[in-house]
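There are two complexes below, and they share chain A, which is joined by chain B in the first and by chain C in the second.
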Partner chain A sequence: MQSSSKVSQLNQTDNKLVEVENLVVRFPILDNGHRAYIRPVDEVSFTIDSGEVLALVGESGSGKSTIAKALLRIVEPQSGTIRVQGNDVTHWRGGRLTTYRKNVQMVFQDPFGSLNPVRTVEHHIAYPLQKHRHLHGRALRDMVGSLLERVGLTPVEETRVKYPHELSGGQRQRVAIARALAVNPKFLVADEPISMLDVSIRAGILKLLNELRSEFNLGYLYITHDLASARYFGHRIMVLYGGKVMETAPSHELIRNPSHPYTRLLLAATPGSGLDGPLPETSNQAPSLIEGRTGCPFAERCPLVVDACRKEDPPVVRLSEGHEVACHVV
Partner chain B sequence: MSRAAVGKMPRAGLTRVKRNSKFSAFLTNPKALTGVIIFAIFTLTAILAPVIAPYNPAATTFLPMLPPSAVHWFGTTNTGQDIFSQFIWGTRTSMEVGIEAAVISTLIAFLIGGYAGLMGGWLDALLNSFSNILLVLPTLALLLVIESFVHNPTPQFNGLTIAFTSWAWGARVFRSLALSLAQRDFIVAARLSGAGSIRILFSEILPNMTSVLASNLIYSFLGAVLFEAGLAVLGFENVSTYSLGTILYWAQNGGAMMEGAWWWFVPPGLAIAVLGTSLILMNFAIDQITNPRLREQKRQRKANKRTGRDSGVNQQPSA
Partner chain C sequence: MSTNSPVLEIENLSVAYRTPNGDVNAVNDVNLTVYPEEIVGLIGESGSGKSTMAYAIMRLLKGDAYVTNGTIRILGQDVYAMDAAELRKFRWEKMSMVFQSAMSALNPVMTVEAQIIDTLLNHRPNMTRSEAVQRAEELMEIVRIDKRRLKSYPHELSGGMRQRVIIAIAIALHPRFVIMDEPTTALDVVVQRSILDQIREIQRVEKFAILFVSHDFSLVAELATRVAIMYAGRIVELTDSKSLRPGEPHHPYTEGLLRAIPRLTAEEITIDGIPGTPPNLISLPTGCAFHPRCARVMSECQTTRPKRVKTLYGSAECHLFRQGTEG
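After this line comes the complex of A and B, so read on.
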């Protein structure tokens, strides 16, 4: 294990920030009294460069958030490897895990749940600074102040003593971003950071995230179910369905030239798509995630389905530079 | 005045109102106020016992079995001790034991229950089954077994044993609260910030449980006072100390019932009952203030009353 990671470390190109290979997460369930497993994330691979935004798109239950949690090591991967800056962090524990989390932070979907209701803004941001950057006293206060200022929460002195319930959703999300920035991370996982905010302030948050990206050369895994924001914010888009990657492509290529039937369905379901009439699907059933399932998870809903779809996993076809699609019929 | 200052003022004002409201709700609640006043009297008595008590409680210098009088407010015992002095010192002991047991048992309950709920998994199963076992053991029987191994335990020692045998209910409550909090994003975020479990328990979870903590403190205080009195009456306490329980013990042994010396056993018994009532009242009030459903009912009742009166005066139905 150790030696193999060293070998691949030598093989990799040097600017890959995050490399995920064949990641599998499984959860136990009870199926008619028997223990069975579901795989919300099934053999997913991707890479993210420094300063790059990978947008992860998919419907509810497609495994987007589970990938995020596995990356942050909140859930334990069943198999596969996660390499960050060349280190295989898949099974790190204890002190090494704490060190790892200095580099990787998360912005949560729900700005109301991600802040402790009985703690001030200052408390949320000060703790990671004390813990990881060993700041105290004046230096700590100043650093909290400059972080608050950086995320646009001014006047700073007024904001730092406030409690979460005194802030709006957008302001809370900015506090959460400041907290994530406090440890000076290399990589941010943003799990639907704007989906619970007012439409009018979404662009502001995305703009802030984008500024921070270029300022700190941050890599992002941007999770969303909104193709429009994925296109606006993401350099590349990865479409997920039933725990499997359907299609990966540079954002504009994916929007202009969607190749997978599921991607086309997603685009057709977007308001303003120009599609008039029923969606190109044969069912709207949720995919089966049970372990041992064969074939493409989208087969039940796919208008182009052939026999092979239900029996064999689709091959990954490379259409152009960076555009890959997993489908039998493309 | 600058624009920023003007913008700041109403907000700060609002905040202050909001933060005071819980505290003032507690004091304007009649139940809570009654409870607090009674409890304050007991606390003052306990603190000022050496000043209030007119005589040495152990001195046998008076005539035996005197009924209450201006000299001996609660009369004297069959050995000529002043019962009022004993009562004051006894109150002090009982309050001490109550505070001691309440603090210790709440701390144990929070540590075990909170940690189990936060960590989950096998640790939770282990700690939870441990508290369940303690929960099904009858506490009094357990106490009696422990006490039978100890020679002349002091009230303070009894407080300790009570604390160590009665934390299980609290642990269950803290566990279920911690379970629900542990899934919240801010706990995950704290973990990602590098906080360890103990820090999360005390810094993130504890401040979210203050009302339950207060109510648990009050209930274990009450339980401890009752158990301590019970143990003392049964003779499982050093009988040369003065607690409300030992006074009852001596009243029983000194034949207070047969002699009709009601002044000997009524005051300590009544004191325990009144102290218990004050604690229950305060707990009701905490419940009412922190449980929105109870508050809702009250508001609704008020609203009903108002609409009922209004409809009597104003017959026009509002659209």
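After this line comes the complex of A and C, so read on.
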């Protein structure tokens, strides 16, 4: 979003925790035997403060997880900048990248796949402590214990020696959170951390994440496809479609006053929205991610589409403090 | 609720899995009735026995699972009293099932058309091939997929389209009762919503009853007229879906689930989980299986299993409820 990048330039002295500007990630594909590129993330800009939760909402293929991977430097951005605590980390390598990864951690969606089945809980948490904080012996043991206690995995001595298969999904996710916390990060990416858990234990995980946020003043990028949990957990919501930011607003504002036609569609489709009648869309075609596509990615499905939508990138309109929408017709 | 004779009657159904350490009861003494043209939701967390129950109804239990007690009647016929030939005819013509995983429920090396025709010709020996093709095209229209897609293989379709194809196959022979086991779980919300709208529409036209298995409370509350809530193999509450809002008297587990989900429209946005984790079926707590996690636990809950009693909106298995009222 162009205007938000301007705002962040003005506020440079504020020292945002994370500042992403015009981030582009592209992947090569074969199109009828010719090399072409798709852009799962296309000119995305946002900022996250310390102690703030930015909820990233979008459907599968909208680029949510690719943004997360770019932030963690698992995929290489094509262009744009990622600044964390004022440092441009976009192309850091080697030792600096290792230091960077101490500050940025991730909790993955699948607690069954993200833990090593042949290692104990203790091992999962001790490893980053040894590697990054050079703890050993008594100090290491105590630190593992206090982390396990902090995430609610008590009695600690019993949990320590367990293997992932002996834990429930919620407990595993707590191990993953303890492991992420082990290196004292400043910033945590949580990629759908509750979507594979049972309903009755989801709230517990969100509460834990929230407590840790205020205790350690952590910034979060909370990735989800569920607007209801985004509203509950996020301070601000950013709606993504086809690799582009459609709308950003404080959570309650976005739910109460959705302005982009896609946000409205998403809201209408969410169970509990109270909407009856047909969905506000004109087709269910997936957006084109191909490089060089013009206009708004939502144009093919948009009930309010005008000619300009297919030709020009929509302008970013600022509706109120912190509420921005990329649309020709709003 | 309709006064017609029910399409599905489950009486005292128990299903167990044989394990080296003895039988584990996955479904325990369950009673449920579904009437014609009704949508009943079946909600539960993983391991609550909801899918085991669905498979038991279809008589699809495999391997170590077997029915230990109770009867299942569909359209008055005892599913477990049929011989293989009867069952084969009965399945899919009278009752069918939409399976959870849209990715693996279709055969990857057969076109959509071949799979639909296969189903039709197997059950309608007198049908000609061209009639079957015609019916396949009709079905595509019902689930709103371009009929040119009949020539596609499953991998060429999106997740939403695959799920629509599976629904088309399930309704191909005009069944009276369809079990839908988490048909939209792997899909995006917008696609999910449009498929649910379609299910409702098709159901209105074809007039079958649905048992809709899901873990998504708000979704089932919108879709179903009555909802059965399962915990540790038992239906702990059966209730009118309209009553599923905070403030109504419910089983403490139902209340816990209602508080556990963030609501899109509610003013207050606090949510509360249920303490503890779902129980291990191998060593169920004594008395009411929910008592270790229950906020309103009483001494009798730890020793005596609650009987099923009538409530304002249905029935519940909880000591807090006395016949007809809340204690």
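One rule holds for everything that comes next: the second predicted complex is superposed on the first by the 318 of 330 C-alpha atoms of A that agree within 3 Å, B and C clash if a C-alpha of one lies under 4 Å from a C-alpha of the other, contacts with A are read in each partner's own complex, and residues count from 1 in each chain.
Methods note: a contact is a pair of C-beta atoms (placed from the backbone, for glycine too) under 8 Å apart; a residue touches a chain by one contact, two chains touch by 3 or more.
Computed from a predicted model, the values in this text were never measured in an experiment.
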| task | Name the contact category of A:C327: first (chain B only), second (chain C only), both, or neither. | result | neither
| request: Going by the touch definition up top, name the partner, chain B or chain C, that contacts more of chain A. | output: C
| request: Have a look at where A:L115 lands relative to chain B and chain C in the superposition and call it first, second, both or neither. | output: first
| query | Just chain B (first), just chain C (second), both, or neither: which does A:K131 touch? | reply | first
| Touching partner for A:P155 - first (chain B), second (chain C), both, neither | first
| Touch check for A:G170: first (chain B), second (chain C), both, or neither? | second
| request: Tell me which partner A:L147 touches in the superposition: chain B (first), chain C (second), both or neither. | output: neither
| said: If we overlay the two complexes on their shared chain A, which of chain B and chain C does A:N284 touch? Say first, second, both or neither. | reply: second
| query | Do chain B and chain C touch any of the same residues on chain A, and if so, which? | reply | none
| task | Within their complex, state which residues of chain C touch chain A. | result | 45-46, 158, 160, 188-194, 197, 215-219, 221-222, 256-257, 259-265, 269, 271-275, 277-278, 293
| Taking the complex as given, what residues does chain A use to touch chain B? | 72, 74, 98, 101-102, 105-106, 108-110, 113-119, 127-128, 131-132, 155, 158, 166, 176, 179, 182-183
| query | Okay, in this complex, where on chain A does chain C touch? | reply | 59-60, 168-171, 198-207, 225-229, 231-233, 255, 265-274, 278-279, 281, 284, 286
| field | Partner chain A, residues of chain B touching it in the complex | value | 4, 8, 11, 15, 184-186, 188-195, 203-204, 207-208, 210
